[in-house]
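Notes for the one structure printed next.
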Amino acid sequence: MTQREITALNVGDGEAVSPETQKYFDLCEEKLGMVPNVLKAYAFDDKKLRAFTDMYNDLMLADSALTKLEREMIAVAVSSINRCFYCLTAHGAAVRELSGDPVLGELMVMNYRVADLSDRQRAMLDFAVKLTEKPAEILEVDRQALRDAGFTDRDIWDIASVAAFFNMTNRVAAATDMRPNHEYHSMAR
Amino acid sequence: MTQREITALNVGDGEAVSPETQKYFDLCEEKLGMVPNVLKAYAFDDKKLRAFTDMYNDLMLADSALTKLEREMIAVAVSSINRCFYCLTAHGAAVRELSGDPVLGELMVMNYRVADLSDRQRAMLDFAVKLTEKPAEILEVDRQALRDAGFTDRDIWDIASVAAFFNMTNRVAAATDMRPNHEYHSMAR
Amino acid sequence: MTQREITALNVGDGEAVSPETQKYFDLCEEKLGMVPNVLKAYAFDDKKLRAFTDMYNDLMLADSALTKLEREMIAVAVSSINRCFYCLTAHGAAVRELSGDPVLGELMVMNYRVADLSDRQRAMLDFAVKLTEKPAEILEVDRQALRDAGFTDRDIWDIASVAAFFNMTNRVAAATDMRPNHEYHSMAR
Amino acid sequence: MTQREITALNVGDGEAVSPETQKYFDLCEEKLGMVPNVLKAYAFDDKKLRAFTDMYNDLMLADSALTKLEREMIAVAVSSINRCFYCLTAHGAAVRELSGDPVLGELMVMNYRVADLSDRQRAMLDFAVKLTEKPAEILEVDRQALRDAGFTDRDIWDIASVAAFFNMTNRVAAATDMRPNHEYHSMAR
Amino acid sequence: MTQREITALNVGDGEAVSPETQKYFDLCEEKLGMVPNVLKAYAFDDKKLRAFTDMYNDLMLADSALTKLEREMIAVAVSSINRCFYCLTAHGAAVRELSGDPVLGELMVMNYRVADLSDRQRAMLDFAVKLTEKPAEILEVDRQALRDAGFTDRDIWDIASVAAFFNMTNRVAAATDMRPNHEYHSMAR
Amino acid sequence: MTQREITALNVGDGEAVSPETQKYFDLCEEKLGMVPNVLKAYAFDDKKLRAFTDMYNDLMLADSALTKLEREMIAVAVSSINRCFYCLTAHGAAVRELSGDPVLGELMVMNYRVADLSDRQRAMLDFAVKLTEKPAEILEVDRQALRDAGFTDRDIWDIASVAAFFNMTNRVAAATDMRPNHEYHSMAR
C-alpha cells in the first residue's frame, strides 16, 4: 500500500522505505501479522516515524499502573469524542482482543457512559473525556476525583498522557484521512 | 523548581535527574537562558522526556516549508482554542520574538481571526483551528483549500502534525496544571 | 428477558404479554431469529407497542424511493450523533447485512463523513445529520440541496421522517438505558 | 389548505383525502374547531397519518400519571430547545388553555428554567430537556432524580416518551417548514 | 412593586425614588400606561437609571435608517438566542404592536429563521444573531453581506449597537431574574 | 486617527469632533496619555459617546464594593470568552497595572480558571463567565453562590452589570473590528 492508498496526501510516495524501517515493518508483520497503516503513513521520514513509535510504545506498552486494556479503553473513548475512523477501528479491535469482550469494544466506540464499568475505570474515562472536550475546564477537583478513585499522581500523568496522545493522533488521522488496515474490522468479534 | 512547583502532580519528586538529562538541561540554559518547565515536568522519566523532545524538535525545529514562525503561530492559535496557559505563554513569546511583532503574538493568543494575515497564513490557521475544534468534520475540501493557498501535500502533513501536537501538549498541560517559566511573560514585548 | 434486564426501568415487570403480542413475538422469532429487545421493552402496553411497530414498519419497511439500506444508513448516522448504544448496535448490524459491507456499517457508526459515498447518499446523510444537530437551522436551501441531488419532495418527507423517528427512539433508549440483543454484535461482520 | 400551503414540500398535493381521513378531520373540526395542520400534512398517506395519530393520542391523551398539562409542558419545553415554530405555537396554546395561565405558556416557550415550578415539575422538565440536548449523557443519576421527585418508573417511561416524541415531530416540522394553524396564536391569551 | 418583586435581588428596597425619577415614571405612565419594570429595577440609583435610559432611548427611539420595528426585531431575535424572559416579553409585544402582525412577534421569539422576511431584514437578523452567538467569528465578509443587502456603514453601526445592547440587557435580566410587567403578555395579540 | 483607522466602518469620517468632545479628549490625553480608541469610534455622534461614557464611568469608576481591579478582572474574563481583541488588550493592560501583577493580566486573558484566586474572586468570575456563556441557565443557586462567597445583593447587581456591559462592548468591537491603541500592549508588562 502506498501513502496515497493510506491517506489522502501524496507524501514521499513511491520511495522505498529505509532499511531500518523495513526491519521494523518485518517485525510488525511477524508479531502482529500486519504493518499498521499509521506506521506506513509515517514511513516517508524515518525521524518522524521513530518519534511517533517511541512515544506510542512508551505510552501504550511500557510499564504503568494502568493495564494495557485500560490504556486502550482511554484511546477508544477519546477517539469516540473526536469520531476518528482510524483510531476507533484499530483500538476498538485492541479493546475487544485484550478484554475478550466484544461488547466492551463496541461500548467504548459508541458511548462509554452506558458501559457497566468499575468506579475506577469510570473515573479514568470521565477524566480522559473531559480533558478531550473541555481541557480549559480541568481543575484540581478533577485530579482529586482520580485520586479518590485510587489513582496515584503518576497514574494521573499516564491517564493524561494517553488521552492527550490520542487527541494528537485522532487529528493527524482526520487531517490526512488515514485509513485503517482492513483486518481490524473482523478481529475479536 | 521541583515537579510540584511546575505541575499539580507529585511525580518523581525529589529525585535527581539523570546525567543525560542534566546535560540536555545545561544545553537549554546555555542556548535559551532557561530550562523550559515542560522539560522539567517530563524529567522524571528519561524515556518520556526523550520521546517528547524528539517529536517536538522534529516538528518545530527541523526542515519544513513552514517557517518556524508559522509553526509557532499554529501552536498559539491551537492553544488559544484550548485556552492552555502554559503553551499560550511559552509560544506566544516565541511568536513575538520570531516575528519581531508583539501585537502579532497577542493576536494569536486572543483571536487569530482578526489578525491581518496573508491568505496563505489565514488558510493555514483556519485549517489548524478547524482540526482542533471539529476534527470529525475535516474533509477533502479543507485539504484542497490548503493546496489552493499554495501548500503542498507535505506542507499539509506538517500543518496537521503541528496542530495535532499542540492538541496533545495543551491537554498534558491542562491535566497537570503545568506552569510556564516566569521569564516568558516579559519576553519580546 | 424481563423489562428490568432490557431497560433500567421496572415497568409492567413480571406480567405476561398479551396473546396478540405473543403472536407477534413468535413471528419475530421465526423471521429474525429473535425478538428485538425494543419490542419487549414496549410490550408492557399493547397500544404503545402497536403504535411503535406501526410507525417503525411503515418508515423502515414500506414502499419508498429510499432503499431499505439507505433508511438504515440514516438510522445509524443519526444514532451516531446521539451516541445511542441500542440503535447503533441494532441498525449498524442492519447496514452491514443489507450492504454486505461490514466497513460501511462501521463508518456509519463512527463518522459517516469520511465514508466513500455517492453524492446522493452524502446529501441524504448531511440533511439527516443537520436535522439532528440543528433542526432550527434547516432552511429551504437544505431542502433544495436534496432536490439537486435527485430527491423528490416525497423522498425528502421520507428522509426527514426516518431521521426524526430515530431522534425519538434514540432518546427512548437513552432515557431507559435500553440494551440491544447480544446477537447483533457479531452479525454480518 | 393544500400540502403546499402547510409545508414547503409538494407531497400528494391536489389529491382528495380518503373517506376515513375525511371523517377524522370532520371530528377534529367538531371537537377542536379546526383540523390541526400537522394532520393535513400527513394526510397524503392514510397509513402514515394513522401511525402518527395513534402514537400522538396514546402519549398525549391516554391514561398516565402525568396530567395532560404536564405532557404539554414537556412538549413545549422540548420544542423550545429545538426552536420548532409549529410545535411551540400549537402546544404553547395548549399549555395556556389547560393551565388557564397565559404566562406559563410563554415561560415554557421562552425559558422554562425561570418559571416558578414545583420541584416535581422542574425535575420532569430538567430530565426532558437534558434528554433533548444531551441524550448520550443521561445516566442512572438522572432517572433517580425523577424517582426522588416522586415519579414511578412508569412515569419515567411516559416523560421520556413524550420528550422523545417531540424530538421527532420538531424535526418533521423543521424539515418540512410546517406552518401552524393561525388560530393558535390568539388562543387563551 | 418593589425591587424584590421585580428581581430576585434586594437592592435599595423600600427607599422612595428621587423626584426626578418619579417625574420620569409619571411620564411613562402617561405615555405607555405603565412603568416598565426594568426602569423600576434601575431606580435605586439615579445615575444608573439615567445611563440606561439615555442609551436605550438613543438606540431604540432616536433617528436611524433602521425603522423602530427593525430595531425591535433585532431586540427579540437576540433575546431569543439568550432566552431572556423579560426582553422576549416586552420587546415581543413591541414587534406585535409596531408591525400589527402578531405572528411576526411570535416568529421572532421562536425562530426568526423560519419567518418570511425580506432579504434586507434577513441579512440584518443573521448578522445580529451571529454577533450574539459567535462574536469572535464576525469578519469583513459579514459586514459586506450587510452592505450587499443595502445597508450603509452607519446602519451597520446601528444594527451592531442594538444587538450588542440586548446582549447586555438580556444578561442583566438573567442575572437578576427580572420579571416583565404582566400587561405585555396580552398586548397586540 | 480617523474612524476608518480604528474600525472597519466608514462612519462620520472626516468630520471634526464637537468642541465638547474635544474637551473630553483633551482631558483623556492629560490623564491617560492617550484617547482610548473606543471613544474616537463613538465620537461621530455626541449623544452616543456620552451614553457610552456615562455608563462606562458609572460601572467601572464609581463607588462600588467591587474594587476597580475586580471590575477589570470581570471585564477581561468576559472578553476572553468572547475573544474580543480590543477589550482584552485595553482591559488586560488595566489588570496588569492595577494589580502590579503582569501574570494575573495574562491569566485573565488566557484562562481565568487556572489563576490562583481567592474564593471570593473565583465565585465572582465563575458567575460572570456563566452569565456570558449560558445566560439562560443562571438560577437562584448561582446568585446564592455569590452570597455564600460574601457578596451582597447590591454587589451581585454590580458584578452582573459589569459582565453584561462587556458582553455589549465586546460585540460592538467585534462587529466593527475595533482596534486598540498600540500603547496598551507594552503597558505594565
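Letters A, B, C, D, E and F mark the chains in the order given here, with residues in each chain numbered from 1 onward.
In this text, contacts are C-beta pairs under 8 Å (C-beta built on N, C-alpha and C of every residue); 3 or more make two chains touch, one makes a residue touch a chain.
Nothing here was measured: the structure is a model prediction, and the numbers come from that model.
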{"item": "Same-interface partner of B-F, chosen from the options D-E, C-E or B-E, over half of the pairs matching", "value": "D-E"}
{"item": "Whole-Å separation of chain centres (CA-atom averages), chain B against chain D", "value": "50"}
{"item": "Rounded Å distance between chain A and chain D, as computed from the means of their C-alpha atoms", "value": "44"}
{"item": "Distance between the centres, which are taken as Cα means, of chain F and chain E, whole angstrom", "value": "21"}
{"item": "Residues of chain A touching at least two other chains", "value": "83-84, 111, 114, 136, 177"}
{"item": "Touching chain combinations (by label order)", "value": "A-B, A-C, A-D, A-F, B-C, B-E, B-F, C-D, C-E, D-E, D-F, E-F"}
{"item": "Complex interface listing, chain B residues touching chain E", "value": "111, 113-114"}
{"item": "Partner chain C, residues of chain D touching it in the complex", "value": "8-12, 47-48, 50-52, 54-55, 58, 62, 82-84, 127, 131-132, 135-136, 138, 140, 143, 153-154, 156-157, 159-161, 163-165, 167-172, 174-177"}
{"item": "Touching residues (chain side chain C, partner chain A) in the complex", "value": "80, 83-85, 88-89, 102-103, 106-107, 109-111, 113-114, 177, 182, 185-186, 189"}
{"item": "Chain C residues touching chain E - in the complex, by the definition given at the top", "value": "136-137, 139"}
